[in-house]
Amino acid sequence: MSDALHTQSAHALRERVAKGETSAVEIARAALDTIHTRDAAVGAFLHVDGEGALAQAAQVDRARAAGEALGPLAGVPIAMKDNLCVRGIPATCASKILEGWIAPYDATVVERLRAAGAVIVGKTNMDEFAMGSSNETSAYKLVHNPWDLSRAPGGSSGGSAASVAAGMAPLSLGSDTGGSVRQPAAFCGLVALKPTYGRVSRYGLIAFASSLDQIGPFARDVRDCAIVSEVISGRDPRDATSVDTVETLAGTYTRELERDVKGLRVGVVRASLAEGCEPGVVLAIERSIDTLRSLGCEIVDVTLPTAEHAVSAYYIVAPAECSSNLARFDGMRFGPRVESASLEETYGKTRALFGKEVRRRIMLGTYVLSAGYYDAFYAQAQKARTLISRDYAAAFERCDVVLTPTAPSVAFGLGAKTKNPLEMYLADIFTLPPSLAGLPAISVPCGLSEGLPVGLQLTAKAFDEATLFRVASAFERATDHHTHRASMFAAGGAA
Amino acid sequence: MSERISLDEVRKVAKLARLSLSEEELERMRGDLDGILDWMTALSKLDTNGVEPTFHAVEMAAALRDDVVVDGLRRSEALRAAARSDQGGFAVPKVKEGE
Amino acid sequence: MSHTQYEAVIGLEVHAQLATKTKMFCGCSTSYGAAPNTQICPVCLGLPGALPVPNRQAIALAVRAGLSLGCTLRKSSRFARKNYYYPDLSKGYQISQFDLPLNEKGSLEITTSAGTKRVNLTRIHVEEDAAKNLHGVGAGTDTLVDFNRAGTPLIEIVGEPELRSAEEAEAYLKALRDILMFAGVNDGNLEEGSFRCDANVSIRPVGQEKFGTRCELKNINSFKFVRKAIDYEIARQEAIVSSGGTIFQETRTWSSTQEKTLSLRSKEEAQDYRYFADPDLPPLVVDDAWLAEIRTTVPEPIAARRERWQRELGLTAYDAQVLSAHPRIAEYFEAATSSLETQRAGKLAKDNLAKAGAGKRVANFMQAEALRVVTTNGLEASFPCSAERLAGLLALVEDETINGKIAKDVFADMIATGKAPADIVSSKGLAQVKDTSAIEGTVREVIAKHPKELASFKAGKTNLKGFFVGRVMGALKGANPALVNEVLDRVLAEP
């Protein structure tokens, strides 16, 4: 069943639609059927929008029949993380505090995807408000890693990753604050990009930590990731932090895909392969370095001396911002309200609808911003950020991309790290430094360890996503890691 | 072991954050925060003398918008999301007057 | 028993709404008086995922305010979040400026019975307004919140504590309001809340340098209340201190019904606002080119204009004060004056030029007639006719087509019918008869018809001249009375 619709890449599906081989409605039906048969076991979706998906697909078919130009994602199903607003359907952030809330507007990325002909199939499960690295803080249900249902898919965009890995959609969007698309991509054997801060509009992304949040896509190959990245990127007048880059985006990523990488300098952070990394991960990374060398890359050693403070800095900055960003969830204008005797009590009890991890981070963030602690914590963390950026600037004097593992381990078991928050926080040790510096980073599959995927993270200079796609694509062409799939992927399901 | 954060401080922070936590939760939260803050002490040893903080990782100036009226939300749609509404307003528990 | 003399120390914080069409961070209208919650969007309602984008015009007006008050502009300033919970605060934080405000320093001159005094400013920063809580209109005990006002652009003008009396405070507010209105920054509308004031009041023994403990008086919304509230507060504090008591730092409010200040909250209940740089808003940069552009929009300061009117146009200080009561009135006056100067050029009767300058003539007529029918609303004013038409009317007086009394009637007609003055004069035949021979003809006719009266006159009843004047004027409809008298005298003197 290798040509079953749900196993096809986004660019292959678009091709079929363009040629009239398959209708967008057929493709949408196949995706919805696959979700229907598989998601009970995976738990990737919080809301499936069958009606909306079929309507969008029908519109694509009509446009094709009318001879209109088709967008780059015409008829391609895509799943959206539940912290992205899609007009008329729920957005819960996997939290009880947004239970029943229907977004009254479209996020900018959603508008762009619709304009490109993409078909939104539903909203994916996540860590509550994107706070977590295993998807276990969802207030609704667990997500099971399609490679091994007893394991975590990673987080916080676990549902988005699992949906693509399980064949329920060829593409999905997640959000990445400290690694939330890269780490689940690594755990689920996918390609995912965290764009440069400012590259993709955050309008309509329910904020976790505004200075770090970026929306990023999941795909099963580099080309698909490049195509969807081009669609969602670019300046948006509704986001004051979105950046006006001179180049027009169409084609700037995809044209890199066929280029070779001879002479490109790859900086390896040796320290990342020492302590704390599983041997299987280290092995896969070492082999990847060899592959890149064999492709003509120059391998150099670089160091990021301040990176060891990244976890601490992140767990000050992100909670501080979240404590403020989540203040609007107070039951006054939207969402559930726990009516109580007084205004103060109503606030307190309503906001107690936040789950444990979210409450913990709000508390931590409120504390580090409060009078008397600001300088010791928040200001110090922001200064550490400056030093981390300087580390990268120094590294990029010597190389074009920085290479590390995406995560120190392969997917861990569900429940394995929920006891101690600190242990969970360390799962992000490699993805945090690029986030704090605002840099683009991509995770690509680079082999298996214990039968589970390992992810390779490449980081580039700000706004140099093109080089990431160039290296990732050359690596993909030279290896077959991206062809490995979760066992449930091809089996059964809808044709 | 010395405390990095006291139960009273935790209570104060919970009040600031408008989170009503039971005594038991406050205790547990104190323990969690204590552990996290303890682990963060390493950061305080990082020499940041003369280093400017980063508020925006990518250097940029705020993009501004023109002073042109744009359609917003319909009132009915906005109020539909509210727990309660009355006479076109969002109904909230009584607020002390004059503030 | 020695009697300690106290002096008051007062610093004012003024919130002035910027006269923009749309809100500070979204495209919702700022117009006043709309039905509740009809000028709202995801941004000002603080819905999940919405982001703020600053209004360029609001920033330009805030810069203009700074330029008008002699402030130092910070070319790169920063937005900060002020975090607190309140139902009228949609996001749980207010976007304001904290450590790096847009304008610093500056000053303004005030005039009181004691003379003039320069008062320094600390800063002028940009921020957004909160929504409006409506009490006692909802069912039961609910408060209803109207978000139309939420996000309205404001500047906060923080004055140094250099005021020493309620009179000075009132003079400061009036001077500030004048300057902002004439700069087109604020509409000066206290009733609609677009110009609001908080006062920090303390007392100290005369000669002591150290400030006493201050109380903050919130939301004083009329000039009358400012004086009353501050006078009350000074007396209250003096009474406490004189009797050996202690002032506690607190926030108080003026109750206009009880005519006293009431405690709102003590310092212990004071908020910890946890200010931090708003990550959604990069630095606000006003570059040299933009600054130069804004500079060209700063009008001549009102004080300078009043002086110029007196010096160049021969107005009295009182005239200048009356005609600068409102920026549109001042503009109207200047436009009418300049139009009259243009219209009279070349055709003015030589000897009238000396009688009254155009400015003085316009000033007199506006004060006597036109201002009565001018209505103002915020920065807008509506005039019964254009300044050019008013000048046209006065030009007809200057060239003696009509006299001053007829001019009043013509003006009334202009208001009623909207017609041009010349049209009214010609259609109603109001033009003065300046032809001496025509007058003489009528005089002879009248005399011929009244031989009895002529005889009596000749016999010494000289008061009968009035009778003849009346008859002649009645017959001529709009003759120059001086001319009629002159001709009549001559004819009556004939033997």
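Each chain gets a letter, A, B and C, in the order it is written, and its residues are counted from 1.
Basically, contacts are C-beta pairs under 8 Å (C-beta built on N, C-alpha and C of every residue); 3 or more make two chains touch, one makes a residue touch a chain.
The structure displayed is predicted, hence computed values, not measured ones.
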| item | value |
| --- | --- |
| Arrangement of touching chains [line / ring / star / complete / other] | complete |
| Chain closest to the assembly centre - both centres taken as Cα means | B |
| Centre distance in Å when chain A and chain C are each reduced to the mean of their C-alpha atoms | 56 |
| Length of the line joining the C-alpha centres of chain B and chain C, rounded to whole Å | 41 |
| Approximate Å spacing (C-alpha centroids) for the pair chain A, chain B | 24 |
| Overlap residues in chain A, where contacts from two or more other chains coincide | 101, 104-105, 211, 237, 240-241, 323, 327, 330, 332-334, 343, 347, 366, 370 |
| Residues of chain B whose C-beta touches two or more other chains | 16, 18, 55-56, 60, 62-65, 73, 78, 84, 90, 92-95 |
| Two or more partner chains touched - positions in chain C | 42, 45, 53-54, 85, 87, 145, 147, 272, 274, 279, 281-282 |
| Parts of chain A lying in touch with chain B, wherever the complex brings them together | 101-102, 104-105, 196-198, 211-212, 235, 237, 240-244, 306, 308-309, 312-313, 315-316, 323, 327, 330-337, 339-340, 342-349, 351-352, 354, 359-360, 362-364, 366-367, 370, 376-377, 379-387, 389, 421-422, 436-439, 462 |
| Complex interface listing, chain B residues touching chain A | 5, 9-10, 13-14, 16-21, 29, 32-33, 35-36, 39-40, 42-44, 46, 48, 51-58, 60, 62-65, 73, 77-78, 81-84, 90, 92-95 |
| Contacting residues of chain B [partner chain C, same complex] | 16, 18, 55-56, 60-73, 75, 78-79, 84, 86-95, 97-99 |
| Partner chain B, residues of chain C touching it in the complex | 20-22, 26-29, 35-42, 44-45, 53-59, 76, 78-79, 85-88, 133-135, 137-139, 141-147, 218-219, 253, 262, 264-265, 272, 274, 277, 279, 281-285 |
| Residues on chain A engaged by chain C in the complex (per definition of touch) | 83-85, 91, 93, 98, 101, 103-105, 107, 202-207, 209-211, 237-241, 320-321, 323-324, 326-330, 332-334, 343, 347, 366, 369-371, 374, 378 |
